[in-house]
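Chain naming follows the written order as A, B and C, and within any one chain the residues start at number 1.
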Amino acid sequence: MNEKVEYWVKIPIGPIHPALEEPEKFIITLDGERIINVDVKLGYNLRGVEWIGLRRNYIHILYLAERMCGICSFSHNHTYARAVEEMAGIEVPERAEYIRVIVGELERIHSHLLNLGVVAHSIGYDTVLHLSWLAREKVMDILEFIGGNRVNYSINMIGGVRRDITEKHRRAILDMIYYYRQEVMPKIEEIFLYDPTVEARLRDSTVIPKRIAIEYSAQGPTARGSGITKDVRYNEKLGVYPDLGVKPVTPKEFTGVIKGDVFDRMVVRVGELWQSMEIIERALDQMPEGKIKAFPKDNMIIFKLKKAEGEGIGRYEAPRGELIHYVRAEPGRDGPAKWKMREPTFPNLFAVARALVGEQLADVPVAIASIDPCLSCTDRVAVIDANTGKKKVLTEVDLLKESIKKTKEINPNIKAKPERVGGVGL
Amino acid sequence: MNILYATLGLIALYLYVSFASLLWEGLDRKLVARMQRRVGPPLLQPFYDFLKLMSKESIIPRHANKFYELAPVLALAVSIALLAYTPMGFAPLFATKGDVIVFIYLLTLIGFIRVLGAISSGSPYARIGAQREMIILVSREVPMMLALFTILWRLNHLGVEKPFSLATFYQRNVWSGTPLALIGTFILLFVFLAWLASEIEVGFFDIPEAETEVAEGPMAEYSGRHLALFELSNALKMFVSASLVVAIFLPWDISAYVGLSGISALVVDILFHTFKVFVVLFISMSIFRAITGRLRITHAVQVFWLRLLSAAIIGSLILAIDQLGVIA
Amino acid sequence: MTPEEFAERIKAKFEGVEIKITENKLPHPRKRIWVDVDRDRFKDVVKFLKELDPTAQFSIIIADDRGDKLTAKYHWEMFWEQGESLSVVIGTACPKDDPVLPTITDIFPSTLPYEREVQEFLGIKYEGIPDPRRLFLPDDFPEGIYPLRLDETGVKMVKNAGHPYGRKSK
């Protein structure tokens, strides 16, 4: 008998698991420590954004788009604004384009620093997590200074931006770049390019070869780590990016080899930190004077868009990869007839699930972290329907009542009434 | 010493070591937090954790069998028994000829009980954690035992009362001897520090309990009182493992210098011993934890079988050459 | 390959296919090609794309409820290795009483999750899809409800969803 008995174990990673920042489910079939199969189930974070969008007007959606995700909030409303501008043929002032570049690159810095920490945490290197997130505070402060918020800065408006970058912002940004160049980047390079533990864990783990990356349409650093020179800012000639000399960053420029493993993806992120700082500096230098909005009043936008007809696509290189929004207008509506978006995590998730087959269980958290998953972006489309659903869906107040019932069992003296939290239906 | 005094001594030792080891956990968390530029939890956080866990309901999985509830009790019982054979600045309470074998046996038994409890819980995470724990267990003991027995064999040659007992470390100092012996001992010290790190599962060797991979591994399903007992037995095990390293390599006592005797000498010795344990743990746990990440299980096994075992063999050979006088 | 050349190639190969090229007004003008093809020839057009550029990158399926028909638009990025890439949108449609489209997972494997998404949200059945399970919706979600459809099979706004403290429905 040559038949080998296989002892396969099915392990669910998620929906709630310490390795994941957001709920999703990977069902992993294991033979010992080796992975046989990975199945992905999404939808634990569905909020029905697309559906809500059909009931909002163009300006409302700017703020709704921003709230899809806390990390790439600028990317979402930037891309949405571009889609609407393309649909209606609105021309954006050049200064506004430069401001979009600067805020976009600041967001990229903060997103990449976050991901460096998350990857370090998933290999148990918590010191790097704490120190890189400490460094990230600086750029968060700058974003707060410019936009008024640490996340959801609401910079974009259809046909321009809402806030200008003045001389004091410019000085603060240059200070920040100096701080990063002098103090943060050398340490980050030391850790992610030369540290032996990091190299032992990240090198040759979860290799996504170039062929797989193309087949599965991997995006962003995940694709560039596999040697695909694809960057929407460069390929799409987006905005004023061609004037700033943007090029896709591949690990070849840093380590000389392209393997497509987790290490290479992190090298790309480190390279893009350098690149983003250069772009910001150049943008600050070249930024022309002028107005920052195509329409001085927001109600003019609605007025113009109500008459618009057609469809438009906006594409942007979010920190995680290509983000794409589609908007179709019908005349007479003050909101889009169709609004659809796709986030880079969606294809990357399936690429990495494919690449995990044959690897060890220990690679799963770091592999998932290495694509920098943004699942709240990815899960956004469905709606829970309490009336048509066969199962009874407990609403918030039912839960509240249950909770109060339980509290009263424990302590009958408590007098509380269920309070309304959050919004009501329209 | 009659059996009553020994039992009272063991209870006192148990209370003291529980306190000291939980205190060290608080210190360790604070120190690592400072290294990571964080504020960190209060110093007494492990005590709060322990008391809170003790007062919490313990949830038992539906698929768990009887051993699931038994394992934490057994683990704690074994760690208390282990205290009787641990050098604490003075010879172990039940010191006898060849007690080092009992010591190693009990130390390994704690890990083994953890594995049994984890497998009994029926959780796939715990099962994977248990597999990893087993693999690490069989890998780490080999270099450590080789190093330990070499040192005991060498001390034995120098002449001791009870051969192969842990009390020998307080009669003969390992650092005495020719420079060659010093080099060998130093290599073995390195082996022991690495073993200690893997025994308490930090840094490179945080593999069985890897939080982000298998959600605390063997402990995944434990909660409430059962978890509290495991936490306490883990803390005791950490203190005991570090005590072994301290007894071998840093056996000096201060009571003789100060000129104390009787109970007060014991108290001074155990306090000084605790201090030395903290120093060793600081190197092997806090710093190690702050500056490294977790290895893959294959890497860790390679580290043990290729690096540490060869280091232990080289160290042992050097000591043997020195002892048997091959060169001289 | 410029957008115009690309349009010529498509026109030469497939007669009667609607092609339009739009341009937006960014500082660096940017062209997009919109192709509309019936569902019988849709798969051939996709195959032709793959022949033109084997590394074409698929991005998105935009499926839409347009009254009596369901449309699906597919976006590709082509020739990205040569700097400025080509942004191609290929649209097709199917009537609502026969919502079937051919799967293209055999040509572009990365379309599988998107087809699963469209299948559950708009009820377009993909012929020959290798993995027809649900992706986003829970497994106990009722059959025959397609949340993004605008007709009666879609999801209606539920007044307060049983919220006793909310506004009373009028």
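The rule is short, and it goes like this: a contact is a pair of C-beta atoms (placed from the backbone, for glycine too) under 8 Å apart; a residue touches a chain by one contact, two chains touch by 3 or more.
This structure is a prediction, so every number in the text was calculated from the model and none was measured.
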item	value
Centre-most chain, if every chain is reduced to its averaged C-alpha atoms	A
Among all chain pairs, the one with the most C-beta contacts	A-C
Length of the line joining the C-alpha centres of subunit A and subunit B, rounded to whole Å	44
Centroid distance [mean C-alpha coordinates] between subunit C and subunit A, Å	22
Rounded Å distance, subunit B centre to subunit C centre (Cα mean)	61
Contact set on subunit C toward subunit A in their complex	22, 24-28, 30, 32, 34, 55, 57-60, 62-64, 73, 75, 77, 80-81, 83-85, 87, 89, 108-110, 112-114, 117, 121, 134-138, 140-142, 145, 147-148, 155-167
Complex interface listing, subunit A residues touching subunit B	9-12, 17-19, 30, 32-33, 120-128, 130-131, 134, 197-198, 200-201, 360-365
Footprint of subunit C on subunit A - complex, ascending	40-43, 46, 48, 50-51, 55, 85-86, 89-92, 94, 97, 214-217, 228-230, 234-240, 242-243, 310-313, 315, 322, 324, 326, 328, 338, 340, 342, 346-347, 350-351, 379, 381-383, 385-391, 393, 395-398, 418, 420, 424-426
Subunit A partner contacts - residues on subunit B that touch it in the complex	35-38, 124-125, 127-128, 131, 203-204, 206-207, 210-216, 290-299
